[in-house]
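Each of the two complexes below includes chain A, the first together with chain B, the second together with chain C.
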Partner chain A sequence: MDTLRLYGRSMTMLIKSQLQYPVSFLMQTLAQLVMEGGEMLAVILLIDRFDRLNQWGPGDLYFFFGLMSVSFYLTEIFGRGITGNFPYLVRSGQLDTILLRPRGILTQVLCSAADPRRITCIAVGVVSMVIGSNLSAIAWTPVKVLLLAEAIFCSGWLLMGLFMIEAVMCIHSVKSIEITNAITYGGRSACEYPSDIYPRWLRMMFTVIAPFALVMHVPASMILEKPLFGWPVWAAFLTPLSGAAVFGIMYLLFRKAMKYYRSTGS
Partner chain B sequence: METQYRGAVLGGLVCQIFFGIILVAIYRALYAGKPQTIPLGHVTTYVWLQQAFFRMLLSNDPELLDKIRTGAIAYDLCRPLHLYGYYYARILAQKVTGSALRALPMLVFAALLPEGWGLCAPVSVPALLAAIVALILGFFCVSAIENITMGFTMRTLDPRGMQAMLSMLITIFAGNILPLTLFPDSWQRVITLLPYAQLLDAPIRLYTGEYSLGMLPQVLAIQGGWTVILILAGCAFWNRNQRKLIIQGG
Partner chain C sequence: MSYIFVDHLCKSFVVRKKREKGALLREKETVHALKDVSFEIEKGELVGYIGPNGAGKSTTVKILSGILVPESGTVTVGGRVPWENRKEHVSHIGVVFGQRTQLWWDVPLLDSYSLLKDIYRVPEADYQKRLKELTEALQLGDLLRTPLRLLSLGQRMRAELCGSLLHSPELLFLDEPTIGLDAVSKLALRDFLHWENKEKGTTILLTTHDMEDIAALCSRVMVIGHGSKLYDGGLQEMLSKYDTKRTVQVEEHQNIDHVIAAMYKDLGL
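Coming up: the complex of A and B.
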């Protein structure tokens, strides 16, 4: 509880500090809007030309796209410490100061950064989900709302877990490892679309290794009433937990890696 | 400079290839549902050429920005050289070396991929030569565009928002996010005339035969025209900026 309060206070301070330069903040937020708007434009134009993607109609595709935007950028706002500059903390030796303080390492890393500029990306995602929901005529029920909330929440854990792969690797190697972007940013780009459109090996990758399919696509397809793999409702509630599992595994590996941590010195 | 960090280049390359495969997989699935007049092979070729020359579109030179923020720009102003020309040459060199190192291995990889996934051969040898000429002009054009973006960085000390927006325009309208050939046909008549389409879209269309060799003079004229206009505009912009420039620091 104490940790949560600490985290809450850090977030408020970080966001306030970014708002100290309102014009710069506004410009960067607008830039984010153009960026995510551009991504959505691609989806709109593709739907305009191709009408549908396998069994998925236009509304379904907007819904999947929106779900990814909302989940990914919520993680970027609140988990920026992990998704952003952890390799920098290691390289610059700033991690040492964190080790001295009487709090968990990961807690402090999470409290060290926030990225409120992403708010416009989330707005784009929400708009896309609303359009999708209307076009696909989703009949919202309390169960579906709960499912959506769980999917977004667990996606956050999954994404942080995936970004921690880079954190763990850079504790060992000091240099940041660009190749892990394939799984994080690559996963984002790929899983804006339902994973069953991909060939087998890519589908397996996004189901077993980086389970975007289990965390997002299974519940989303249930909400759209076109369940992926024909799985029942209880399965859709169960599979997003794999996101939390990925985070748990990475957390254990992270603790193990910290035992090998050698400071880069001053 | 680039060969000093082999690991990073290799990592970036693997990443870029992975993105390429994902994009191709999406277009394959879309084509399976509703084939288009543009053959799938042209689209996959478009994707791979875009991925291979991604570095050309990317702006990643913080040096001028740092110089302005720290006031070190004053040294540059003392040097007996043309400031715009100096930075233009610098950007051009960075773009050419950065993309050459990545493009070659990537195109080899893409050419080895199975039918329907990878890079198709050019329609003819003259088309390939025409595409290379157009690509060279594209490099001159993109450097001119980037120098105008850099001109904006002189105006404000925190140009991140402006820069992000301008570079986003490049990735959309140069065809990196979505091939310009898949944009609505009515839009294409306009966007292929924009400067952004002159960077990679025009060379790729010459390569795949979307633009016939008969259209070559017209294509090169548009590319060359934009390059000249953008260089002249950039030069004038920089000259005006230099008079207003405030040297920071102390």
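Coming up: the complex of A and C.
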């Protein structure tokens, strides 16, 4: 509880500091809108050209895209400490300052950054999901709302887990930005579309290594009533937990890396 | 046992050299940052810790504050082993790095302090009392509503000191606190450190290259070089021992840097 309060206060302060430069904040927020709008344009053009991809109609595709945008950018706003700041903290030695305070390391990393500019990206995602919901005529039920909430929540953990790979490698002084970007940003771009449209090896990668398919696509397909792999509802509730599992694994690796950091130093 | 107890402390780093042409693997080199360093510091002492760049000062401070784990040797601070229970240990110490800020750049100092209060779980009443005391002693009253980025270097150092002392630590590490400060700021900072040490009984370990700092503040000096402790004792004794040029007692300290340089040379640093 105490930790949540600290996190809340840090977030408020970080957002306050960003608003110290109102014009810059506004411009960057608009720039984000253009960027994410461009991404959505790609989906619109694709749908304009092809009526469907496998069994997925236009509404379904908008829905998948929107789900990824909302999940990814919510993580960017509230988990920026991990998705953006972490490797910098390691390289610049700011991690030392964190070690000097009587709080958990990861708590402090999460408290170190926020990126409210992404709010416009989330708006694009929400619009896309609403369009998708209407076109596909989703009949919303409490179960479906719960599934959606779980999918978004677990995607956050999955994304933070994947971004932690870079931080952990940084501690071992390995520069690996390209490799990790391939699964984080690459994963985001690829998994804006349902994973069953991809060849087998890519599908495997996004199911086993970076399980976007399990965290987002399985529950989303259930909401659209076209369950992926024909799995039942309980499976759709179960598979997103793999996102939390990825985070858990990365957390353990991070703790191990911190031991190494403390015995070698910077 | 003394408040800070360091016995046969060793620490080395493996440095990977740049790969040479034709070589398959990069050569590794072990740098011994600390070789068998021992010392004791009593509670309430104000000790100067000096030595040329790369002598091992920061490594010692990092080990004492629990950031690094040594290879061998015994270290206790107030009965605690620094690296074993990090959270417990760091809530009793304060650290100021002269070149690195611990406060938030774009928000008023007061907001930073209030967040530090939450981080250290300082009770509200204690916090208010301590903040008042520190802002008076450090003359920060007018600056509390100013964002850190608008402060001058001297003001920023005072602000940092205040931030690192809000939780009333028993022990304060200062890593080159007067670097880049003008004469007035330096004097004010020294007065404050003197006050904090005398009035609050805070143990202070000060690393610096500024000999004036040492002369003004510390009765005891430790000199480290090449990872070994070379001298430990009173400042006056050290000066008279290494002041080879003059036989007169050093009264004015304008030549103190020369004396130190002579000493480093003498010790083969």
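Note that the second predicted complex is superposed on the first by the 258 of 266 C-alpha atoms of A that agree within 3 Å, B and C clash if a C-alpha of one lies under 4 Å from a C-alpha of the other, contacts with A are read in each partner's own complex, and residues count from 1 in each chain.
Please note the rule applied: a residue touches a chain if its C-beta (ideal position, glycine included) is under 8 Å from a C-beta of that chain, and two chains touch if they have at least 3 such contacts.
Keep in mind it's a predicted model, so treat the numbers as computed, not measured.
Engineer: Looking at A:Ser10 after the superposition, I want to know if it touches chain B, chain C, both of them or none. Which is it: first, second, both, neither?
Structural biologist: In the superposition, A:Ser10 touches chain C alone.
Engineer: Given the superposition on chain A, which partner contacts more residues in chain A: chain B or chain C?
Structural biologist: Counted on chain A, the partner with more touching residues turns out to be B.
Engineer: Return first, second, both or neither, reflecting whether A:Gln28 touches chain B, chain C, both chains, or no partner chain.
Structural biologist: It touches chain B, and chain C stays clear.
Engineer: I'd like to know which partner A:Glu178 touches here: chain B for first, chain C for second, both or neither.
Structural biologist: The answer is first: A:Glu178 touches chain B but not chain C.
Engineer: Could you tell me if A:Leu100 is touching chain B, chain C, both of them or neither one (first, second, both, neither)?
Structural biologist: Only chain C; A:Leu100 stays clear of chain B.
Engineer: So, does A:Leu146 touch the first partner chain B, the second partner chain C, both, or neither?
Structural biologist: So A:Leu146 meets neither chain B nor chain C here.
Engineer: Check whether A:Thr264 is in contact with chain B, with chain C, with both or with neither, and answer first, second, both or neither.
Structural biologist: The answer is second: A:Thr264 touches chain C but not chain B.
Engineer: Common interface residues of chain A with chain B and chain C?
Structural biologist: On chain A, no residue contacts both chain B in one structure and chain C in the other.
Engineer: Spell out the part of chain A that touches chain B in their complex, as residue ranges.
Structural biologist: Where chain A meets chain B, its residues are 21, 24, 26-32, 34-35, 38-39, 41-42, 45-46, 48-54, 175, 177-179, 181-182, 186, 189-190, 193, 197-199, 202.
Engineer: Per the contact definition, I'd like the list of chain C residues that touch chain A in the complex.
Structural biologist: 13-14, 59, 62, 65-69, 83, 86-88, 90-91, 93, 95, 97, 100, 102, 104-107, 111, 114-115, 118-121, 147
Engineer: Taking the touch rule as given, give the residues of chain B at its contact with chain A in the complex, in rising order.
Structural biologist: 7-8, 11-12, 14-15, 18-19, 21-23, 25-26, 29-30, 32-34, 36, 158, 160-165, 168-169, 171-172, 177-178, 182-184
Engineer: In the complex of these two chains, what residues of chain A are touching chain C?
Structural biologist: Where chain A meets chain C, its residues are 2, 5-6, 9-10, 13, 16-18, 20, 93-94, 96-97, 99-104, 108, 262-265.
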